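As written, the chains take the letters A, B, C and D, and residue 1 is the first residue of each chain.
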Amino acid sequence: MTFSSPLDVERIRKDFPVLERVLPDGSPLVYLDSANTSQKPRQVIEAIADYYGQHNANVARAMHMLGQESTELFEGARDKIAAFIGAPSREEVVFTKNSSEALNLVANVLAWADQPHGLRPGDEVVITEMEHHSNIVPWQMVTQRTGATLRWLTVDDEGRLDLSQLDSIINERTKVVSLVHVSNALGTLNPVELVAERAHQVGALVVVDASQSVPQLPVDVSRLGADFVAFTGHKMCGPTGIGVLWGRYDLLASLPPFLGGGEMIEVVEMTGSTYAAPPHRFEAGTPPIAQAVGLGAAVDYLSAVGMDVVAAHEHAITAYALERLAEVDGVRVVGPSTAQQRGGAISLVVEGVHPHDVSQVLDSRGVAVRAGHHCARPVCQRFGVAATTRASFYLYTAPQEVDALIDGLHEVRRFFGVAS
Amino acid sequence: MTFSSPLDVERIRKDFPVLERVLPDGSPLVYLDSANTSQKPRQVIEAIADYYGQHNANVARAMHMLGQESTELFEGARDKIAAFIGAPSREEVVFTKNSSEALNLVANVLAWADQPHGLRPGDEVVITEMEHHSNIVPWQMVTQRTGATLRWLTVDDEGRLDLSQLDSIINERTKVVSLVHVSNALGTLNPVELVAERAHQVGALVVVDASQSVPQLPVDVSRLGADFVAFTGHKMCGPTGIGVLWGRYDLLASLPPFLGGGEMIEVVEMTGSTYAAPPHRFEAGTPPIAQAVGLGAAVDYLSAVGMDVVAAHEHAITAYALERLAEVDGVRVVGPSTAQQRGGAISLVVEGVHPHDVSQVLDSRGVAVRAGHHCARPVCQRFGVAATTRASFYLYTAPQEVDALIDGLHEVRRFFGVAS
Amino acid sequence: MNLDSLYEEIILDHYRHPHHKGLRDPFDAEVHHVNPTCGDEVTLRVRVGGSNGQGVIEDVSYDTLGCAISQASVSVMADLVMGKPLDEATKAYDEFLSLMQSKGQLEPDEGVLEDAVAFAGVSKFPARIKCALLGWMAWKDATARALAARETPRTNEETA
Amino acid sequence: MNLDSLYEEIILDHYRHPHHKGLRDPFDAEVHHVNPTCGDEVTLRVRVGGSNGQGVIEDVSYDTLGCAISQASVSVMADLVMGKPLDEATKAYDEFLSLMQSKGQLEPDEGVLEDAVAFAGVSKFPARIKCALLGWMAWKDATARALAARETPRTNEETA
């Protein structure tokens, strides 16, 4: 088995302090849970500490020295993120607390919007069967509240969207199509452009949950065909507590606000208020300032490595893992079995052993994976399993860590007596 | 003029790295903008860096070593915060992104709730004229959406609530009373218990915006008479990107969720979902993990100093500042003129000089204050000013910094030629 | 963490050969519990007999979908409570709950818990405590419902 | 930061003795602009004359509530654009906007900006740029509206 990546993983690993952790028995930590949350490089940790220790102040409102520094750092981070995703304008980048809030924001403001975008009884919202709960539940909530109907594209046995239904499920009643770019549960990379084209044909808005793709692939929002794109800082070397909603400016400017409060207003009177222009209209209260600074440092870090290089490494390690997994008897991959059109999360089932028990045995050997439904219960049900074990990779994942996973899976089968 | 505080300010100041900053000309930074956001002690900055560098993982979902550590740190922070505010149960502490989200959360779930708490046409919501925009705009938005009516208690010339209207404004149509504990614009400490008693008489719920009080005073939610209390991490030595909503457990358990997504669910099916118990019901998506850890470190820090000591220091420095301000001709305090029933934010007007220009001159001398309406435009209008200059203090504020403010105000008057 | 302190031989035995598994009639109450983090599920039935003064757990039957810990735990629990007077069964429940919350600090009472003492190690694995408790919580809930149903006249087919 | 690089003598003069202040008739358009961060306000009227081929700014009058920078800026702006052909006034606007965005890096063209060159220092104070721009933005908006109104027949009392 050969492994080849354009990335010098050993050099990258030195930037991530947590990768130096060892187990009580001295064996190294093998962190294969990056689709859940990524580790943070020193550069990000230090940017946050430096912000708090040297420049901390509230933004926009303060005109003193620290206030100017923090405002420049915060709005500078917005510039960096706009450039990172190819946003035509920095005003299209809205900071939220995570992807989930970004998706809820869109769902709620569409429920409250005037025509043409407002959700009304008889309207339809289309999602897919492989969505994360954060792209299911908000739409269930708003369709219930507005009387609109929730529909979904189903998934085939290989974990791909069944596009044969595309033209019937997305039809002239469809107001919104919201789908995941790269599935966190299956790893599938969806043909967003194709779905978006159909959605736009019928005048529907397109929301893309890019929580897994922005960290892994070069994503250019101006080419994706989306009207809104959501992603989350903690999965892309950035801090927790920050997410991003990108939206087309004209659209954002036509929509009502989500949360009310400081910074999102124009003029407040007791009897009524007017609202600021995007992005501030959607950023009520003190924003995640230090977190934006940290996310800015994260995109600097990723850009310095190069997102094409990150993607190539992710592809190489995923291909390597899929090949090596095929060696282990009684292990079945849930989702695409090759690395084509695929991200770096691999869900697997060890026949006869519950995913909890799989991950427990792996953890005892320092191999950190996730077991459960990965906040995507419907797609687990689609594959007839309550849960899976998921290994997921990032730019700091070394092929030896995949080897440790494979060794661990052999041990799992031995320990629970299912090895032949 | 004498100043006496139980706190060793010089020792405290050593914990705050940013206080070592100097201006280009070498003069020290005098940070008097703590009501806007507080500075962070080393202990908090290090807790965050240590979290990212040594324990970072997603919570609840991960059962590997790092996942267990981060879950313990995160849920441990919830315990600390529950203890800090005297919450009868840790399950009553909901993490939000800031105070503003906490207040919007309550407003929205009350709009969506079934009876007896749901807002309906004819119902009334009562706020006050001295609220921060974050406790005005959400209620404007939900009353507009539900057809309920927004009413408010007015403010007298000393910046106190006019309680003569209490029984008429809060009446049997009132469903919610939401008010600020300590005003960020005036400094006023409101008699929350008294207002809450009246509200409960008529069966209304009481929401307290404690964004300024939890940082400054010992606050015990079980004695305040409130049903919900909101506050924000960045004003109490903690990080940005985190706020807290405390709510009575039985109430939280009876209310619908706010945002939908990962972690707030029980069972998700494509056709509908059931929701987790509080607090998780109200925490969709990856929570502000590192921020909770940082806020936990902040309450450890404040508790070690002692909140009664913090309050005594704040009181002493406010009294000192009010006395010294009385020396400066042409300076008028907007809000209570003595330190009784008062927090440590002092809004002032320099006759003949716009607050922007006041703060610019002060900034040129290293004195950082805030100029503007402080996200409380209605109360500025009440006092016939578009804006004020606000100086605000915290446990690290030294009396010499108040002296620097006073010297600066004399210079303001000289520079703009309004000194007699 | 040491695997053997979690997966005791007794636990692995019950997991491989669960006792009292499969839903049975008659029963007084049936509940369905889910662990939302992982999707583990248990459906559990309870039959409470005995005189009014003192109930007796006559039968516990169940169906599960879950990990070794949750499956073994429900099996051990069924063994333990079946045939026991209600107060003794409840005592075992309380003892088991304390054990799970003990972070490995409690010496379990083998007289009360019997085979369930094998779960002492689980309390050191916070993520697995919910697995071990799933069946017990379901039993507690089902029993409470069965008792509540006894207060009201039985009219449904369950009593047929 | 050095105060004198912000509060140039010319600025303080205009602040203390603003030119063209007070709302006047006749006018073609009136606008009200607010700076939401600080609450500064300006009400501004514009009268555009001239032939169709080339408009001329005949009058600018205003009322303001604001800081020294915003008050001086609107006064200097009124001086500068009044009596100017539309294209020259617009050129001054563009030049002023560039100056404000220059972070102190641009050498302003005194031929175009006259007294407004005194605001060069403001561009080094990001928080004050909005103050300096408030009146200019209002003028730009009012002028655009006045021109739009000329396209449609004048029927309202403004033209009386």
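What we mean here is this: contacts are C-beta pairs under 8 Å (C-beta built on N, C-alpha and C of every residue); 3 or more make two chains touch, one makes a residue touch a chain.
All of these numbers come straight from a predicted model, not from anything done at the bench.
In terms of the stated touch criterion, the partners common to chain C and chain D are A, B, listed by label. Comparing mean CA positions across the assembly, the chain most remote from chain D is C.
A separation of 46 Å divides the Cα centre of chain A from that of chain D. Centroid to centroid, with C-alpha atoms defining each point, chain B and chain D lie 38 Å apart.
Chain A and chain B, compared by their mean Cα positions, are separated by 31 Å.
Residues of chain D in contact with two or more other chains: 1, 37, 125, 128.
In chain B, the positions touching at least two other chains are 61-63, 65, 67, 265, 267, 356, 360, 363, 371-372, 377. Chain A contributes residues 17-18, 21, 23, 29, 31, 33, 36-37, 39-40, 42, 44-46, 48-49, 52-58, 61-67, 97-101, 103-104, 112, 129, 132-138, 140-141, 145, 150, 152, 232, 234, 239-243, 257, 259-265, 267-270, 272-273, 284-291, 356, 359-360, 362-363, 366-372, 374-375, 377-378, 381 to its touches with chain B in the complex.
Taken together, the chain B residues at the contact with chain D in this complex read 24, 354-357, 360-361, 363-364, 371-373, 377, 380, 386-387, 415-417. In the complex of the two chains, the chain D residues touching chain A come out as 1, 34, 36-37, 125-128.
On chain C, the positions that touch chain A within their shared complex are 1-3, 6-7, 12, 16, 37-41, 65-69, 125, 128, 131. The part of chain A that touches chain D in the complex is made up of residues 60-63, 65, 67-68, 71-72, 265-267, 276.
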